[in-house]
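Same chain, two partners: subunit A is paired with subunit B first, then with subunit C.
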Partner chain A sequence: MIKGVWWKISALVLLLYAVMAGFFITVPGTMMGETIRTVFFHVGMWFAMFVLLFLSFIYSLRYLIGFEEKEDIVAVEAANTAVCFGMLGIVTGMIWAKNTWGAFWVRDPKLDGALAGLFIYLAYLILRASVDDVHKRAKISAVYNSFAFILWMSFVLIMPRTAGSSIHPGQEGVPLLSLDLSLNTRLVFYPAMAGWILLGIWIMNLRIRLNKIQRSTGR
Partner chain B sequence: MEDNGKIFVVVAVLAVIMAGLFLYLFVIDRKISKLEKALKEKSLKEQE
Partner chain C sequence: MNSLAKEIRVLTGKEFRLELKKKYVINGLLLYLLSAIFITYLAFDRIIDAPTWNSLFWVILLFVAVNGVSKSFFQENPARHLYYYTIAGPQAIFLSKILYNMILMLVLSLLASGLFLLFMGNPVVHPGLFIAALLLGSCGLSSILTMVAAIASRAGNNFSLMAILSFPIVLPLLITVMGISENALTEASRANVSGQVVVLVTINIAVVALGYLLFPYLWKD
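== the complex of A and B ==
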């Protein structure tokens, strides 16, 4: 699917840079204090998840056009990897929340939306597991998946913004552009996000290839 | 953050973990490539 080794090495370089620069830079004294550094890692989980879910969505649509098995394989493995990143995103967020808001979970549109979004994709995986016929499974889950992505975006990206009551950082204005980060922080943040996305795509790529090997050996 | 000048120890630990995990991914990647190659050769032989 994706050839070459350069993008795997870039993922390593970008994340090594994030881990090092992420702790060496000085951060401005905001209400978040030193915990602003979490943004290089926790938010990376969501960036990777978003890109993987987007790929899953695109490949589900492609499956519905041509009904080719390989498109379905990409769709499911992208979703599988995305769920893994999503769980890490939730758990890392909970650690930060305990420290910042005093509880692991608070009633907040962003947090509840993220959890609901995760459930949407767990349902997708359960739906797949419950259909035995390969073609039927691919078709049904591709239809579900095309709705799932729209729902996920509204739960995680749109509704927390329109609700206007989220205390989660970065919920005002345009996503990304409105992030209240200093120049120093941005110089680590964007490369870190690119690194996490590449890492997610790499793991997805490994899963796709394993899936194909499994199918061609009859399991 | 660099109050006591020891943050580099934490950074070194994290960098080693990062590098180690990536090395592991490279190894898995190579294993899968070998499997793919073996499967291809097998299916070519069966066609003959």
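== the complex of A and C ==
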């Protein structure tokens, strides 16, 4: 998708910085204490997942316009990579939740939305596996992807607001972007997010290339 | 536009005639509903509180809806679908299926609530709000599930596929409608309810619009 090597190098540099600075900077003594460091990793997983799922949605729509096989490959590999990031996001979130809320899983609209998203994309992958014909599979799964993504967005973006009882941080204002962080934390947070998103796109790119090789060799 | 309305009317009439001809399908669905409610009645040998009543009711309705709607594309064979495609547009076919399933779900949900009131006691405090939840909930369920049934039928008539595809995407609708219905069962605060109704109506409209745009892609081979 993106040409050149500069963005891979910047992904590495940004993540190296995020991991080192993420553990070495002093964080302000807020209610979350030292556990706020998880924001550099856990939130990064969700950022990467959202970007990848959005790409998957866009490429599904593009497939429905032009019926090009390469659009379908991007859509499925973006979803595959996003599922991995989603699972890591849930695991990192559970570790944080155990230390902050005292339980690995609590009842909260944001957590429910995250799990529902994982189920939707696992179902998407099972749907793909159950159809043998390549073009039919691409078309059916593109329809499901576009339909499910919009319904899931309504779950993730609207529900926590109408329910009005999320205990998850970052509840106010624009989703994901208005976390209440100190300047010190912000200097690590934004580079870390960019790094995780670039890493996600990199992994997706590798998977797309692998998928194309497998298709052309008939395996 | 006029021809679309005519096509929808004829096709919906066809669905009704088909249902009346094969009475065992609708009877099977009714018995499914009745036995599910009877099982919950036997499982709880006392009067249950309002939140439990609410959750059980909607979970049963979800399962009945998945069963009822999934047949809408499995029942007729692909050759007959090809024939419909030659005489009507895909949008007309989709909208007629949705319309038929909405009416079916409305009847089933009214029946289910009647049976539930009979067997599990009556916690309903605001009947108007509860009926609104039933109305919007069954319309939304049937339109989401019609779309998923179309997808599942194209992927090889697999019933478990229908369930795994529909359960996660039905959640925003189901949780909102359960929230409204729980408000109808309690005397206390109803502050949030108008917002939830707006969300529910929006989801309903969005689903029908999305299905209207996406269904033609499923239809053609």
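Here are some notes:
Criterion: the second predicted complex is superposed on the first by the 217 of 219 C-alpha atoms of A that agree within 3 Å, B and C clash if a C-alpha of one lies under 4 Å from a C-alpha of the other, contacts with A are read in each partner's own complex, and residues count from 1 in each chain.
The rule we apply is simple: contacts are C-beta pairs under 8 Å (C-beta built on N, C-alpha and C of every residue); 3 or more make two chains touch, one makes a residue touch a chain.
None of the values given here were measured: they were computed from a predicted structure.
Look at A:Ile158: by the touch rule set out above, it reaches subunit C but stays clear of subunit B. Ranking subunit B and subunit C by residues of subunit A touched puts C first. By the document's definition of touching, of the two partners only subunit B reaches A:Val19; subunit C does not. In the superposed model, A:Ala114 lies in contact with neither subunit B nor subunit C. Interface residues of subunit B facing subunit A in the complex, by the touch rule stated above, are 1-2, 7-8, 10-11, 14-15, 18-19, 22, 25-26, 28-29, 32, 35-36, 39, 43.
Residues 144, 147-148, 151, 154-156, 158, 161, 164-165, 167-169, 171-172, 175-176, 179, 192, 195-196, 199, 202-203, 206-207, 210-211, 214, 217-218, 221 of subunit C are the ones that touch subunit A when the two sit in their complex. Partner subunit B is touched in their complex by these residues of subunit A: 8, 11-12, 15-16, 19-20, 23-24, 26-27, 34, 202-203, 206, 209-210, 213, 216-217. Residue ranges on subunit A touching subunit C, taken from their complex, read 64, 112, 116-117, 119-120, 122-123, 126-127, 130-131, 136, 139-140, 142-144, 146-148, 150-152, 154-155, 158-159, 162-164.
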